[in-house]
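Listed after this line are the structures, all set down as C-alpha cells.
One chain, chain A, appears in both complexes that follow, with chain B as partner in the first and chain C in the second.
Let's turn to the complex of A and B:
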C-alpha cells in the first residue's frame, strides 16, 4: 500500500537532492551516489550491460521486471534450479539463455555482470565465484549467513577490482539521502537513541506445490538456508542507524522466540534486541510478524527533534520554525536561489498538542512494509540503475559494500546474542577500514 | 522556548523562538563561525525578551500594562525608550490622518507632557496597545544589533508579517520572498528585498477580524491584504495597518508623506 503514490524518476531524484545546479555537497556526503559522473553518464548513454540473472523467484522477478524498462540493462541469461521460476523469468526476458547451474552461466564470457537473488545460504559462494570469474556482481541483502562469509565476500570484492553492489536500497532512497544530510547538519541535535522496528502480520510462507519442496520454497523459515528476521528485515534498518550515527555499535544483546507461528519453522518470529554504540547511544530493534499495527520505522531521536524516515517526516521538540523557513535554509544549503513564500499577515503558531511534523521532501512515497517482495519507489530502481552504470564504467560505488557489510554482520551478531543468550561484542577481526575504524 | 542549528557548509545559523509577542521569530544569520553567530543570536533573544517586557499588553508587569492601569487616574512617568515610541506614535497618528492609532479609539485623548515625560488619558476607558508596531520595533533593534556585530547577510522573519532583509541571499542579488493568498494559498506576488523590510497586514481565514478601524470602531472585514517595503520596519507596520483601514481616496495623500515606501495592495478572494 502506498500512502502517497508519486513516481519519482531518477532524474527527479537527483534534482530533488539538489545535484543539479551546482549542488555537489550531497555527492561528497554520500559517495556511493557518485559512482557515475556526469561525463561517464554521457559516455555510456547508448551502452547496455549484459546481465546474467541468478535466482528468479519473487524478488528476482521484481528486479527483472524493473530491468525490462531500464535502457542500459540487457538480461542475456537466466538461472534457477527450480523450473517454474525459470519459466516465469523467461516470460519476462524470452531471448535470454537459460541455465540450471550458475557455474555454467559464469563460464559465459559474453556476460559482464551477474545479479544474485537466491536464498541467503547461496549468497557468499555465488558472489565470490562470480567476482573470481571476472563478473561485476549485484547480490541481494543480507550478504551471508556468517560474519566470516561476509568478510570473505568483502575481501574478494576488494581484491577483484570488480564492482559489487548489495541490495540495500535505502542508500538510494531520496528521502533517506536527504534526511541523513539534514541529520548530519544537526537538524535534530545530538542523536540520543534509535528505535527501529518492523512489524507484519503474516506467516511468511509461500504456497508449496508438493511437500518435498517445502524447504526449497520456504527457505526463509529454516536455519540451513536463512537467519530469519535478522537477515531478511533487520539488516535494512540496522544500516540506517549506523548511517545516522556514522559509527557501528560495539555490543548487542537480545532475545528471540517463536511465539505465534508454531508451524515447524526454525527461525524466530519474534525478536527484541539492543545495540549499544560506544557513546552510550542504544538502538533497539524489534520485529514481530503476528501484528502489523506499527508497521516499520527507524525512529531517530535527537535532543532537538525526531526523524521518522520511513514515513518521510521529522518533528521539532519545542519550537517549530515558521513554514517556509526550512525550505529557504534547504535552498541556501543547496545553493539554490528561488522565491520562498512565507511573508503574509501575522501568523499565530499552532498550539495544538499533536505535533504532525514536517515532510522531509515533496513527492515522497512511504510504505507499510507488508510486502516481502519489494515496493515501488523505495530506491530499488535507482540502486539497479546505479549498478548497471557502475558495471559499464567498471567503477565501484564508494562505501556501499562497507555499509552493507556492517549491517549484515550486525544482524548476524544480534542473532548470535539471542541464540547464546548473552552480550556479544563486535569482534575485532570483523572490523573493516570504514566508519570509525582506520 | 527556542531552537537553533548551525549549517557548516553554508555558514548559516538558524535561530527560532516561540512564543514571543504572540508569534514566532526566525532568524537566519549567514557568514561566520558558529560561536560568533550563536553569540549574536543570544543577544537578539535577550533583546526580544526585553522588548516583550516593555511593550506587551499581556504581561501585567510590563510598562505598557502599568500605563493602562494608572494613566486615567494620574499622569504616569514613562521611560526614555517608551517615551520616544509614544512620541513617534503620535506623529504617525497625525501623518496617517488618524488611521494608525495605538488606542484604536481616539488618540487625541492621550496627553503627552514632554516636560516630565508623562502620559495621561483623558478618557477612563482608554488603553494603548503597541502590539501593532512591536514586531517592527523589534526588527529595528535587531537590525541595529546586526549592524553593530557586522553581520552582513541575514533574514529575520517575525511572525511572517514583519520581515527584515540584510544584504542579499548568498546566491542572488536580493532576498526573494513570495506572497501567497492566505485564502487560496496561491502565489500572488514575488517581492525583492535588499537591506530593507517587508511588512504585511491582512485578514486570513483563521483571523478574519483583527484590525479595528479607529474612526468607526468596527473591525475591517474585507478580504484584502497590504504589503509595504521600505527602510524602517516601524513605519512599515504603521503603513500596512493604515492601508487596511484608510479609504482608497485618502491613500495617495497619506503616501505622499512616505515616498521611500513601496506599497502593494491585494484583493483576496
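Let's turn to the complex of A and C:
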C-alpha cells in the first residue's frame, strides 16, 4: 500500500488531490487545496486575473517570471520605488503600466488583484490598504513585523470578503502535503519532537551601488525593516510544525546573537529556540548563516518513525531484519572471533545499521536552502496559480491565512523571547479561531 | 603441455561431495529462517549466499582432504 502511494509522480499526486481533476479524500485534510473546485476550473479556463505587482526586487522578479508562463495571470501594472528593479521587471512584462507609488496603483480600477513582495515593514499597511481598496491580495511571508499588525491584517481580510494569500508555499508543496498525510494517518506514530533548522553560509547581502542605498537594498539586515531569520526563514518551518501537530505552541524561549557577520547588521545571524506545545512536545529551531553543511530540514520524530520532508524521506524505527542466513553467519563470526584477544577485546568490526529510509514520492526536487530568492518545484508555482484561481472565482483558500498567521506570530514571539531573554507565552489576545482555538 | 585426466570415479565423488555441500547450505538456510523467524522467501532470495556457502563448504572439504593426504603421506614416509 505504502510503496504504491510513494510511487506517484508530482502530476499524479495533484490529480489525486483533486487539483487537476476530480475530488479526493485528502481534500478535507488540506482545505486550502480545494479553493478552486473542478467545476470552477472549467468555468475560468479562458479567464485571466489582472494583477498589479508591488515590489519588484529579487523575490518579486522570481514571481513575475513564474507568472509570465501562467495562462490565467496577466500582470498589468508594476510598482517599485527603486528604478533599477522597476526597469528589470518591465523587461519581463513590457506592456505593464509602471508606478512608483503603490497608492496610485491601487486607484487603478482595472486591477483585480495585487501581489506584494516588498520589505517586511511594508507588508501590513500595503495589504490592509489593498484589501480596503477592493483588491484580492497575495502578500509574501512573513505577514508583518508585530503580532498586532498580523492580527490587523487577518481581521481586515475577514471583514473584506476578498482573497488573501500569504507566501507559505510549503502548503502547496507536494512533498509536504504527502508527508502531512502520512503523519496524520499515523504512519510515524505519536509525534514526540520536531527539530527544525536552516543553515546557510552567506552574508545575506546584496550589492549596493551607493552607500545611501544600503538600508534600502539590504533591508533584511536592519531592525527597522526586518526581523531577520525569524521572519525570513523560520516562519516557513514553524508552520510545518503546527501543521504536523495540528496545534500551536504555548511557550517559546531562545537565544540569538550576531556571531559571525559583524558587519554593521542589526539582526541576529545565529538563533536557537525551543517552542513547547501543550502536550509537552518541543520543536527546536536553529538557524546559522555561517555554516551550510546541514542545509535545511524539519525532522519530525514519531515513536514509530521519522520524516524529513525537505529531503523527501521517511524512516521507520524498526527496520526489516537482515536475512536469517546473514544473521547466522554474523553470529558464528562473533562466536569465533569475539573471544580472540587481539588488539583489544575484539577486533571484529561492528557494522553499524544505516537506515537510508524510503522516498516520500518519486520525481521530487530537494533543496539545500541556499537561495535567498526562491527554489523551483517548492510549491511556489502552485501557490501562485491557486491565488490566481481564487482571485478569479473570489473564493478565499480555507485556513491558508490562519496557517500563515500563526507561523508569523510565532516567529515574532520567538524574536521577542530572544531579545528579552525570557520564556514568552502565546498571548491570548493573538489567538484566532483556528487549530486548538476553534 | 600434459593432459590432466580425471577419472569418472573421481568426478562422481566430487559431484557427490558438492551436492552434499549444497544440501548442507540449504539446511543451514532453513535453520536460520526458523531460528531468526525471517521470511521463507529467503529460500530463493538468498540463493547467492547459499551458493557462496556451498563453495565455502566445498573448499573446506578440499582443505580437509589435503590435510588427510598429508598426514597419510607423512606416516608412510616415517615408516
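Following the convention adopted for this analysis, the second predicted complex is superposed on the first by the 383 of 438 C-alpha atoms of A that agree within 3 Å, B and C clash if a C-alpha of one lies under 4 Å from a C-alpha of the other, contacts with A are read in each partner's own complex, and residues count from 1 in each chain.
Note that a contact is a pair of C-beta atoms (placed from the backbone, for glycine too) under 8 Å apart; a residue touches a chain by one contact, two chains touch by 3 or more.
Quantities reported herein were computed from a predicted structural model and do not represent experimental measurements.
Asker: State whether A:318 touches chain B only (first), chain C only (second), both chains, or neither.
Answerer: first
Asker: Should A:186 be classified as contacting the first partner (chain B), the second (chain C), both, or neither?
Answerer: first
Asker: Is A:327 in contact with chain B, with chain C, with both, or with neither (first, second, both, neither)?
Answerer: second
Asker: More residues of chain A in touch with chain C or with chain B?
Answerer: B
Asker: For A:357, select first, second, both or neither according to whether it touches chain B, chain C, the two together, or no partner.
Answerer: Neither partner.
Asker: Output check: A:336 vs chain B and chain C. Expected answer is one of first, second, both, neither. What do you get?
Answerer: Touch status of A:336: first partner only.
Asker: Common interface residues of chain A with chain B and chain C?
Answerer: 321, 324-325, 328-329
Asker: Inside the complex, what are the residues of chain C that reach chain A?
Answerer: By the definition above, chain C touches chain A via 28-29, 31-38, 42, 45-46, 49-50, 53.
Asker: Would you pull the chain B residues touching chain A in the complex into a rising list?
Answerer: Residue positions touching the partner: 1-3, 5-10, 12, 14, 16-19, 22-24, 26, 28, 30, 135, 155, 157, 159-163, 169-172, 176-180, 182, 187, 190-191, 198, 200-204, 206-207, 225, 227.
Asker: Report the residues of chain A in contact with chain B in the complex, numbered from low to high.
Answerer: Listed in rising order, the residues are 25, 185-187, 189, 304, 316-322, 324-325, 328-329, 332-333, 335-349.
Asker: Quick one: in the complex, what on chain A touches chain C?
Answerer: Counting only chain A, the residues touching chain C are 321, 323-329.
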